[in-house]
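In the part that follows, the structures are each spelled out as structure tokens.
Below, subunit A partners subunit B and then partners subunit C, in two separate complexes.
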Partner chain A sequence: MSRAPDPRVVTEAITPKGLRIRGLRKVFGEKVVVADFDLDVRPGELVSLLGPSGCGKTTTLRMVAGFLAADAGRIEIDGSDVVRLPPDRRPSAMVFQNYALWPHMSVFKNVAYPLKLRRLPKAEIERRVLGVLELVDLAHHRDSRPATISGGEQQRAALARALVQEPHVLLLDEPLSNLDSKLRVKVREDIRELQQRLGITTVLVTHDQDEALSMSDRVAVMNDGRIEQFSAPDELYDAPRTSFVANFVGQLNTLPGVVTGGRVAPRDGILTCVRPEHTTCVAPGSGDLDGIVRRVVPRGAFQEVVIDLDSSGDEPTGGSTTVRSMAVRPDVSPGQRVGLRLERPMSFRDGARVDSPAPTHTPGR
Partner chain B sequence: MDRVARTLLGVVVAGLCLFVFGPLLWLGAHAFVSNWTYPHLLPDGLTLRWWRVVLDDPNLAAAVQNSLTFAPLTVLASAVICLPAAYAFARHDFFGRRTMLIGLFATNAFPKMGLFATMASLFYALDLMQTVLGILIVHVIGTVVFMTWIPAAAFAAVPRSLEEAARDAGARPLRVFFTVTLPLALPGILVAAIMSFLASFDEAQGTYLIGAPDYMTMPTQMYSLVLNYPKQVAAVFSLMLSAPSVLLLLLVRRQVMGGHLAEGFQIR
Partner chain C sequence: MRRPGRGFAMAMPPMLLILGFVGLPIVTAGLYSLGHFGGLNSTTAAIGQHQHEATTWWGTLGAYTEVLSNPRFRSDLAATVGVTIVSTAIVMVLAIGIALYQRFSDSALAKGLAVLSIVPMFIPVVIGSWAILTFYSGTGFVRTVLAQVGIDGPVWAYTQTAVVIGSVWTSLPFAVLMVTSGVQAVPDALIDAARDAGASRARTAAGIILPIAAVPIVIAVTFTSIGVLGSFTVPYLTGPNAPAMLGVDIANYFQAFNQPQQSIVMAFVVFALASAIGAFYVWANFRSASGAVR
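Right after this comes the complex of A and B.
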């Protein structure tokens, strides 16, 4: 995909090589927070680090920014290793979770600060700051103090302060977590559009799967300081390689065994997983399993049907005998017997995928 | 019931007002009356004579001048010594940090006079009696607790991410301090400076012991005033002594009350 550089932000002539992390490691006391972490972010690509709190994603980002010293490993930005440089000498710029705007400076002064440090001529600072403020649609607030503008505007001011530095790598630390849910959807689209238009290599840290899936070129799902899977969003959802990824990205019905002959039979620790939207209610006896509807939960655009499976007689070994089905206006009511058709099942043993992931329809990107 | 409570509240408020403003009124009145003694209910007359007495007395004028010199000098010296310590207490975790922080209170824990007497014997040995430096040391010691604890709290209240953002933008540590940390901690530092100024301005015991009779300040001069002058002169001098306190407190009232530190920063 070719991206015309935005004329309002002039990027230095460099051979972009993106971000390359090799063998990154961080230990706090006894706990290994980031363990032998490798990551490649291609130039102009937006990569998300997605994971639960404590998985090491923020620690990784802070090591890339330079706020934390790595215990081992290399961090290469456009070909040069920055791992020993202090944050002020790294060509990265960060948007903080709480925006970290300086309350005693106007929006203009906040954005101009990085340029003033570079001793640029006053006229050029003015031109570039106004350019980037226009880019984030904040020119009318140039003289406002951060306290007097809304959360979304503060977020854009923080983004402007990062963009004005023309970073080789833009780092976003949970940039949407302080916004309300309506605004979040709009802002994430704005950020993505801007990032693609400017072609900035970007790393985004988030615990919100919607945010990661909707904004990224590729997503690295992290667990216990390691990358579980690094894939494009659709592939991550359709073909998870571990049960952790399958569970963390999207919802999942986990059955304690293998579905065969109308029942769930245990077989050497295998768990069968099916997404709720691939679990369909049909007439009793005509599906893969039978059960009784416990509840129908309205979710607005669709309904969630909670079904108790007929007991197979065996003690479940992990997993659950309650499944959820997502459907638009299903014709069922609590207490009713239904059959269930399971499509695109996935099998895991000890957290790892044991069947071959189904081929995915990855749209051309 | 409601009426009783209200009446009671009124009585308490009136009593409190009398308690706070009564002595001030008495003082204020005496500064402008020619003579007001028992059994006369009202003063004999009004006069500005006592103000002239104070302003014309070379001893008193010197005391005013000394006080107005020592107080700013004390604040300056105290700031130079204590502010770096305050920053260290706020931002670094070093060996003995807590012990030293509590230890600062030691200067306030002992009976003042005993401390000064011991210091005086030390000062004789060091030739610091009757010197500007000696008085300055005594004054600075009285301000160490304010000048360390309040700015330390102010520095600690500056969110680290604001400093990190400045580092990220390309600023070296020293510039981060002067462009981000210091401006944001300034209200707290200002309050500490005012309190130090007032503490120095009011310091009497130590100054008397170390400085008298060569260096007399307004509070030390008060001792002889109360004994040797008419009480109207003491009243005038008291008013002059309290003027800087009132002025300074009015000046920084907004800083103390407002606390613009949290402004613009999302503390959740």
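Right after this comes the complex of A and C.
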């Protein structure tokens, strides 16, 4: 999909519209799935809703699309409240998790169906469909049935079907989860490139942090139906405001106390957290803590060192606290005594950040 | 090691059973209809009346010519085809309507309708037929109720209308189960995608759900039409004496008129019609297996 844009493609001319959600709420039985949810997506921006299963991200997306009725709240697209409109009257288009291509129609007919419903002239339908199929590099599969093309091609066909509608807001519901890891990386780059080229306002739902961080302008991390933090990807990673966000986005070493005098000392329920890549193996006694290497796990481009911390400076804890260190070529082996230098530690109490978040490395994207 | 002989041997008992109890009677009946009165047909030929005996080595088409040129048979054939088409159409409209209603609605009415529609399956056809008779007879429930408000209600007992009502009654449960299973099997995402593309519920049903559920619908059409085509109890109990459905005709010619050769000719005509419908069923299954429909 790296080819030059086709000048015939009408989707090139999409004027970005914003999405504004206020006080959105959804309750299933006794369970509050989405609670007083607020979100602003700027025109042309790609925002990810990131969170574990059951956090309410897909429910939120389905309410934006109109498949679920909201119990309360407003959903404004380009300033108009659409919360009471059925899905067929909302200016949004969705790409579904399993693509949801209609199996009895060819790729062309799948993409053409939304335009056919609008009773556009046949020639215009043909022109727009072929244009968008070329945009996603699928023109050669126009007559293929969905079952006969690959997962990545199905995903692109689903994207084409959404784009041909020229939606004000594009909704992506875990669109890459059915692809293998290599294809996933390629397709997410394709989607991001296309989204930026078309300047289309997009909401992506995913539980994959890599996907969210690599594709989004901003990421809303959700937990229990609420947004825990809504930030740019770098800020989210470098300066998490809650322990949930710190844990969910990236890996984390959690120490039950504060690090002082070469040991971890309990203090007022404070947890000290350090990312594995900020945990460096050094000579014993020269770091913040000491421990014994339990094992070294090859991870391809780097190695992960699992270390059992000493309870104090010189007594082993028997592995009660374990930390991980990531390094390209750590010069350590199992059973070896090492020191650990902890950089950019974060402190949390009752889930909330209690120290000042470090500034991010590369603000903005 | 693969041993094809063992698999063939394991498949033989049911095949022999079918050959012996279905295939052989069909062959002997076919020979009898062509006028071959010897062998297994000798007893029937000795009793039957108004028979056409073979005049050449392959037989004679005398019985076929007689039956097919008989105005009464033609009228009965037309009635049978007509009742079959109308009943099947009504059954399918009701079954598709109920299935779609269930697909789009979680209401108690939708659930109640689904349960109600399969009730006839648990009521014997004889009982159902008598219920239809008493409901629509000259002194039946419909006319009695309408008479209370001064309306002269219709008498549908012993008419083709009663046969259609009875056929719908007996065929609806299977059709509803079949079509509902097909419609329910359409993934939610495909329906959501259609709604997202701008389709109303009606367009979603016509353009997405029903084409995807085409195979179970075709199966329901096939089974319903073959069932009505060869039905006996409902038309025998609720229908008119003339024109009669072919199922009733076959029984009459065999039992009342003692004309087994003509009866068998009629059975072959019904068989030919059912085979044509069966070919449609096989075609639908073939398309399903090749993934062209689903």
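The working rule: the second predicted complex is superposed on the first by the 336 of 365 C-alpha atoms of A that agree within 3 Å, B and C clash if a C-alpha of one lies under 4 Å from a C-alpha of the other, contacts with A are read in each partner's own complex, and residues count from 1 in each chain.
Please note the rule applied: a residue touches a chain if its C-beta (ideal position, glycine included) is under 8 Å from a C-beta of that chain, and two chains touch if they have at least 3 such contacts.
Since we're looking at a predicted model, the values are computed, not measured.
**Student:** Clash or fit: how do subunit B and subunit C relate after the overlay on subunit A?
**Tutor:** They clash: once the shared chain is superposed, the two partners overlap in space.
**Student:** Scan A:Ile292 for contacts with subunit B and subunit C and give back first, second, both or neither.
**Tutor:** After superposition on chain A, A:Ile292 lies in contact with neither partner.
**Student:** Touching A:Pro146 in the superposition: subunit B (first), subunit C (second), both, neither?
**Tutor:** first
**Student:** Touching A:Pro114, do we find subunit B (first), subunit C (second), both, or neither?
**Tutor:** both
**Student:** For A:Asp88, is the partner it touches subunit B (first), subunit C (second), both, or none of the two (neither)?
**Tutor:** both
**Student:** Please indicate which partner A:Leu130 is in contact with in the superposed arrangement: first for subunit B, second for subunit C, both, or neither.
**Tutor:** Neither partner.
**Student:** Could you say whether A:Asn178 touches subunit B, subunit C, both of them, or neither, answering first, second, both or neither?
**Tutor:** Touch partner of A:Asn178: subunit B, not subunit C.
**Student:** Name the residues of subunit A shared by its contacts with subunit B and its contacts with subunit C.
**Tutor:** 65-67, 86-89, 92-94, 96-98, 100-104, 113-114, 117-118, 145, 147, 161, 165
**Student:** Show me the residue ranges of subunit A that touch subunit C in the complex, using the header's touch definition.
**Tutor:** Going through subunit A, the ones touching subunit C are 65-67, 86-89, 92-94, 96-98, 100-104, 113-114, 117-118, 145, 147, 161, 165.
**Student:** Residue numbers of subunit C touching subunit A in their complex, please.
**Tutor:** It is residues 187, 189-190, 192-200, 203, 207-208, 211-212, 214, 291-294 of subunit C that touch subunit A.
**Student:** For subunit A, which residues are in contact with subunit B within the complex?
**Tutor:** 65-67, 86-89, 92-94, 96-104, 113-114, 117-118, 145-148, 151, 154, 161, 165, 178
**Student:** Once bound in the complex, which stretches of subunit B touch subunit A?
**Tutor:** Counting only subunit B, the residues touching subunit A are 159, 161-162, 164-172, 175, 179-180, 183-184, 260-261, 263-266, 268.
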